[in-house]
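Look for subunit A in each of the two complexes below; its partner is subunit B in the first and subunit C in the second.
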Partner chain A sequence: MDFFDILVSILGSTIRLSVPLVFTALAGLFSERAGVFDIGLEGKMLAAAFSAACVAYITASPWLGLVAGIGVSVAFSLLHGFASITNRGNQIVSGVAINFVVAGLTIVLGQAWFGQGGRTPQLLPQGRFSPIILPGVEALRGIPVIGPLYANVISGNNILTYMAFLAVPISWWILYRTRFGLRLRAVGENPGAVDTAGISVTWLRYRAVICAGILCGFSGTYLAVAQSAAFIKDMSAGKGYIALAALIFAKWKPVPVMFACLLFGFLDAFANFMQGKSVPLIGEVPVQIFQALPYVLTCILLAGFIGVANPPKAGGVPYTKER
Partner chain B sequence: MSQAPAIELVGIDKKFGAVHANKNINLAVAKGSIHGIIGENGAGKSTLMSILYGFYHADSGEIRVGGTPVTIRDSQAAINAGIGMVHQHFMLVENFTVLENLVLGAEGGMLLAGGVARARAELKRLAKDYGLEVDPDAVIEELPVGLQQRVEILKAMYRGAEILILDEPTGVLTPAEADHLFRILGVLRDQGKTVILITHKLREIMAITDTVSVMRRGEMVATRKTAETTVEELAELMVGRRVLLRVEKGEAKPGAVVLSVRNLTVKDGRGVTMVDNVSFDVRAGEIVGIAGVAGNGQSELLEAISGIRMPASGEILIDGEPIGKADPARLRDLGLAHIPEDRHHMGLVLRFEEYENAILGYHRDPKYGGLFLDLDAIRKDAIEKIEKYDIRPPNPRLRTANFSGGNQQKIVVAREIERDPKLLLIGQPTRGVDIGAIEFIHRRIIDMRDAGKAQLLVSVELDEIRALSDRILVMFAGQIVGEKTADAGEQTLGLMMAGIAA
Partner chain C sequence: MNTASLPLPGWITFGLIPLINLVLAFFFSGLVVWFIGENPFDALALMLEGALGSGEGIGFTLYFATNFIFTGLSVAVAIHAGLFNIGSEGQAYVGGLGAALVALSLDHYVPWYVTMPFAILGAALFGAGWAFIPAFLQAKRGSHIVITTIMFNFIGAALMVYLLVNVLIVPGKMAPETRTFLEGGQLPKLDWLMALFGLKLGPAPFNVSFLVALVMCVVVWALIWRTKLGYEMRTLGVSPSAAVYAGIPYARTVIIAMLISGGLAGMMALNPVLGSSGRLQVEFVGGAGFVGIAVSLMGRNHPAGIILAAILFGILYQGGDWVSFEMPNITREMIVVIQGLVILFAGALEYMARPALARLYYSMARKA
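This part shows the complex of A and B:
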């Protein structure tokens, strides 16, 4: 393989590995810009993966799997909302609780229903989202650089991948060009301003966490029904936290969120590629070093390398009317 | 006079648990007038206005707007009834532009573009009609406070408010900004709008209102035509007894230099220079006041001298000795005491009982025990202070949060003054404190001076600075822009505080 082939293959896998991060980070964006911290992204993603895998297996339809994934994820969002918006509980505790509950529940239910040690049965090809070959791949194949890039990076992904990257401009448009977006950004900065303008802070924040639930539903479904062909226990493997890091790194803005997710996806793809390969002058490096890279980068970035990240001012603070 | 009042409250009553915040309030405000409501903290002014703006619901009573009874269930209903409110803490989204703040909640459609364009046109008209100019695309956090407040007024006008309520609007303004605000309110009145001004500053009431109502302990005790009343009468009505509005003090007898600040520069947490090459002395037996609009470096100056924040450069000397990197505990041993600006964040632990706060920071003193605290000694000491400072209720076991603002402040003042320091730093001694307690605290500060103590006073209340200080330093943008004697005119100081004249 020459260098260009390697690059194309790493980029293709960067895209695939970024998809769940993009969905999840955008989920976090909606929730946190509305002032509700969401540590439970991880749990919601996992719950969505599990339910999507179950339903896609039973119905042999990836779309019904997606609906189930979204439904369950939104249900957990509402639980988070009930705890932290309605009852003004601690948002971090609520999120962590959701992560724990889901991690256990998926395994217990999976074992009870399918008896495969917490896994769900392997999905048949028609039960998954399969790659889409975009038009023009053959026509462009002969062109150097662009041809292979188009064929292996842009084309050949499943529908959810395209939806993820479409979700970025849509989220931007919603946040910055609609009434809902204006109010959502306002409630995360100064809920008092929203309340005195005669808008319900509670209902607004609920809608924001529902948006987060829907997006987590997509990311979980992608993991189990598109990227893999079954639910495997703990398959989210910390992606919810990485997405949260990407969100902070991107300073809670949609387009930078996408680039941050691509960066983390790239590191992941690079780590996979380096498995068993030797580095010039150093020799073979344990793969764990590369696998640790995204996490090391997260630590470095969050430790202040990104300059001052101004989180939404009212983030994490339940709203109570002042006396 | 046959016209129905713009707004009328009939028998408004509101209880929060055991606290009777509003007792059978009756109030009528004539259309096209400026009506002042004064009262001490906790008199129920804010509660009453919150009821009017739909934040709370009255337990009983009726609200009439233009003669028609209305039910105000929430802020939306208040807005629909033509009531607009400018809150004491601005209800603005700081990283939004003026236009975005204006349209929030009144976007006029799912998409923003149309509403924003309409708001831009409307803003132009409002600017012309009422003299409310402001750059529509400016981001709020980059605007000076006076302009932020103007945006709040514009928000109300944009929503078609006929009745404008302003809650303590001048607390954050320079005297010049306050004058400008009053001119705007005058214009609004002349255009037929009704203005309700809530304040505890008697001077403002006298300067701008047509009529004034006084609240005391949840009751509306009097309503007067402003032209027919006096500051003395209003003060007496507010407090329920005669009060001394002037602080009486003799000549200062300055002694040796106690505190010396040399070329001090202090940066805040973001690395922004807040105190910029400042030098001054404070002598024994004098009060040096620092006047300035909040946020011009006074807080950082106090923090640096009290050892809370490390200076970036420069020197602080007490009795001629540089304090170096001394921490607050070490400085206390050197005879420095500090009444912090914000009693809630620095001066007190609100969840503690009173006696615990009464020794906060001095808990290492052997008379309060060694490794284990001698609770009996501490409580005995607390009771002595409670008696001496008339802290009410006189219960050292009560949670500090349950004391009123004035009494909380007295707890801090008692703790710091009773240590008999030779140097006392005083930040906002009477912020959110009622008149009775103000009188008391001012008296204690003068007594300290006469006992030969050096005192550095920081306050955003220019009246307070002028009443107490022997010398006044004016701070603007981190620098001391001038020194004046205590008899300097308010105008002169006001201009200096705004950075206009030295």
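This part shows the complex of A and C:
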């Protein structure tokens, strides 16, 4: 295989591996820009993956799976909101709790319903989102560089992949060009000012966590119904935390979020490719280095060596209305 | 009416509210069991029988509890200083490296009671070391400790897998683990302690680490409530700005609190590594660091409460194994659900019942 073919295959898997990160990091973006920290991204993604796989298996419809994934994920978002907005509980503790409840519940219910050790049964092809071949693949195939890139990286992905990359400009537009977005960002910086303007801090923050729930629903569904063909226990495997790292790495801004996710997705794809191969002079590079790299990079960023990452000012602080 | 500022007597704040939260957590756990078609009361009876019905069961329960006492103390010390250390899991994992290196280098030459103090020190040093960078970043760079400790859990896991697979592995073996320590590197079991109560320990790995854990409870209690450092940490925990105004050095106190927290988490490694398996294995922590969060929250961050909560979680872990054996429909992961619900109700929804109770209490007080 020559260098270009390798590059195309790594780029193709970079796209596929960054999709759940993009959805999840955007979910975190909505929640955290409104001042609600969300450690529970991982749990919501896992819950969505499980419910999407169950419903897609029973109904043989990936779209109903998606609806179920979003529904369950939003339910957990509302729980997070109830704990951290209504009851002014600790947002981090609430997120941690959700992660544990989901990690356990998906396996307990999966085992009780399907008896396959926490897995859901394999989905039939019609129960999944299948790859879409974009028009013009054949016409462009002959052209060097562009042809293979178009055929293997741009085309041939499932619908959720395109939705993920579409979600980036939409999120940007919502956050920076709508009244809701302006208020959402304001409530994350200075909820007191928003309250003074006569806008409900509580309702705004609830809407923000609902947005986060919807996006986590997409990412979980992607994992179970598009990337794989079943729910496997702990299938989110820390992706929620990588997405959180990407969100911080991107300094809580939508378009950089996409690039951070692509970078972390690329590291993942590159690690898969490097497994068992040796580099001249260095020898075999341990795969753990690539696994740790997103976290190491984020810590270096947080240390202030790659610009300054300023989180939303009111993040993590429950708002108490004065009376 | 805003009830948040109304004072309530101690028996409500420290007795009734935690009890209500715990009952709610177990009520919802029971609902899950009922939902999957088993009888929650049968499951509870089985759980208690498995955890407390025999000397062996009690031995396992206390073995698990030992882990949770260490990690619970670790989380609690950080919380007193206003820091949420989610990284106990990683600190314990890396602490295991410290303990194992001591055991590997000393077990040929000296008996266990010489190895143990060095192993405690090694585990604590490595655990504290793993907490140092997040602590430093929080203190000097203002990066959020929650985020950095999460990152360090993952970095620690990658590091340990690398070391076990490529460096510490016994040449020619497939399993990523160190060699089994000789007798000089293994902690003795506490069968004599069980025998005092007329119980037989059997194969349960209940060992001397339990006593170390109890000593640490006293040490932490003295540190938090009887020393200047503890006072400074608590002040910082209540109000960082007030602490700085009072001349308490912010950066120093944050770093010291995190080092102590990491050290306590690291010491947890003694129990599984030197006390049970006699070697360092991949993922030997097995989530105990996260259970520490639940234990600390439930024990109201007080060593006495932490011991009780740790034993409760010990019962859940040991009894949970028993239940999943007897009722195949309920898998072992039910424990994780219960753990999550405890964190939810005792932690995040801590004050859910407070407004109603405050109103009830004051209306009763007015009538009386």
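Everything below uses one rule, namely that the second predicted complex is superposed on the first by the 300 of 323 C-alpha atoms of A that agree within 3 Å, B and C clash if a C-alpha of one lies under 4 Å from a C-alpha of the other, contacts with A are read in each partner's own complex, and residues count from 1 in each chain.
The criterion applied here is as follows: contacts are C-beta pairs under 8 Å (C-beta built on N, C-alpha and C of every residue); 3 or more make two chains touch, one makes a residue touch a chain.
Since the structure is predicted, the reported quantities are computational estimates derived from the model, not experimental observations.
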Compare subunit B and subunit C by how many residues of subunit A each one touches, and report the one with more. C
Would you check which partner chain A:84 touches, where first means subunit B only, second means subunit C only, and both and neither mean what they say? second
Quick one: is A:55 in contact with subunit B, with subunit C, with both, or with neither? Answer first, second, both or neither. neither
Look at A:11 in the shared chain and tell me whether it touches subunit B only, subunit C only, both, or neither; answer first, second, both or neither. neither
Thinking of the overlay built on chain A, is A:183 touched by subunit B (first), by subunit C (second), by both, or by neither? first
Considering only touches as defined above, state whether A:196 meets subunit B (first), subunit C (second), both or neither. first
Would you check which partner chain A:104 touches, where first means subunit B only, second means subunit C only, and both and neither mean what they say? second
Give one of first, second, both or neither to describe whether A:313 is in contact with subunit B, with subunit C, with both, or with none. first
Do subunit B and subunit C land on any of the same subunit A residues, and which? 323
Residue numbers of subunit C touching subunit A in their complex, please. 2, 4, 32, 36-37, 84, 86, 133, 137, 141, 143-144, 146-148, 150-152, 154-155, 158-159, 161-162, 165-166, 290, 293, 297, 329-331, 333-341, 343-344, 347-352
Mind pulling up the subunit A residues that touch subunit B in the complex? 176-183, 185-186, 189-190, 192-199, 308, 310, 313, 321, 323
Taking the touch rule as given, give the residues of subunit A at its contact with subunit C in the complex, in rising order. 37, 39, 79, 82-84, 87-94, 96-105, 107-109, 111-113, 118, 238, 241, 244-245, 248, 286, 288-289, 291-292, 295-296, 298-299, 302-304, 309, 311, 320, 323
Given the complex with subunit A, which residues does subunit B contribute to the contact? 16, 47, 53, 55, 74-79, 85, 87, 89, 91-96, 100-101, 103-107, 109-113, 115, 155, 270
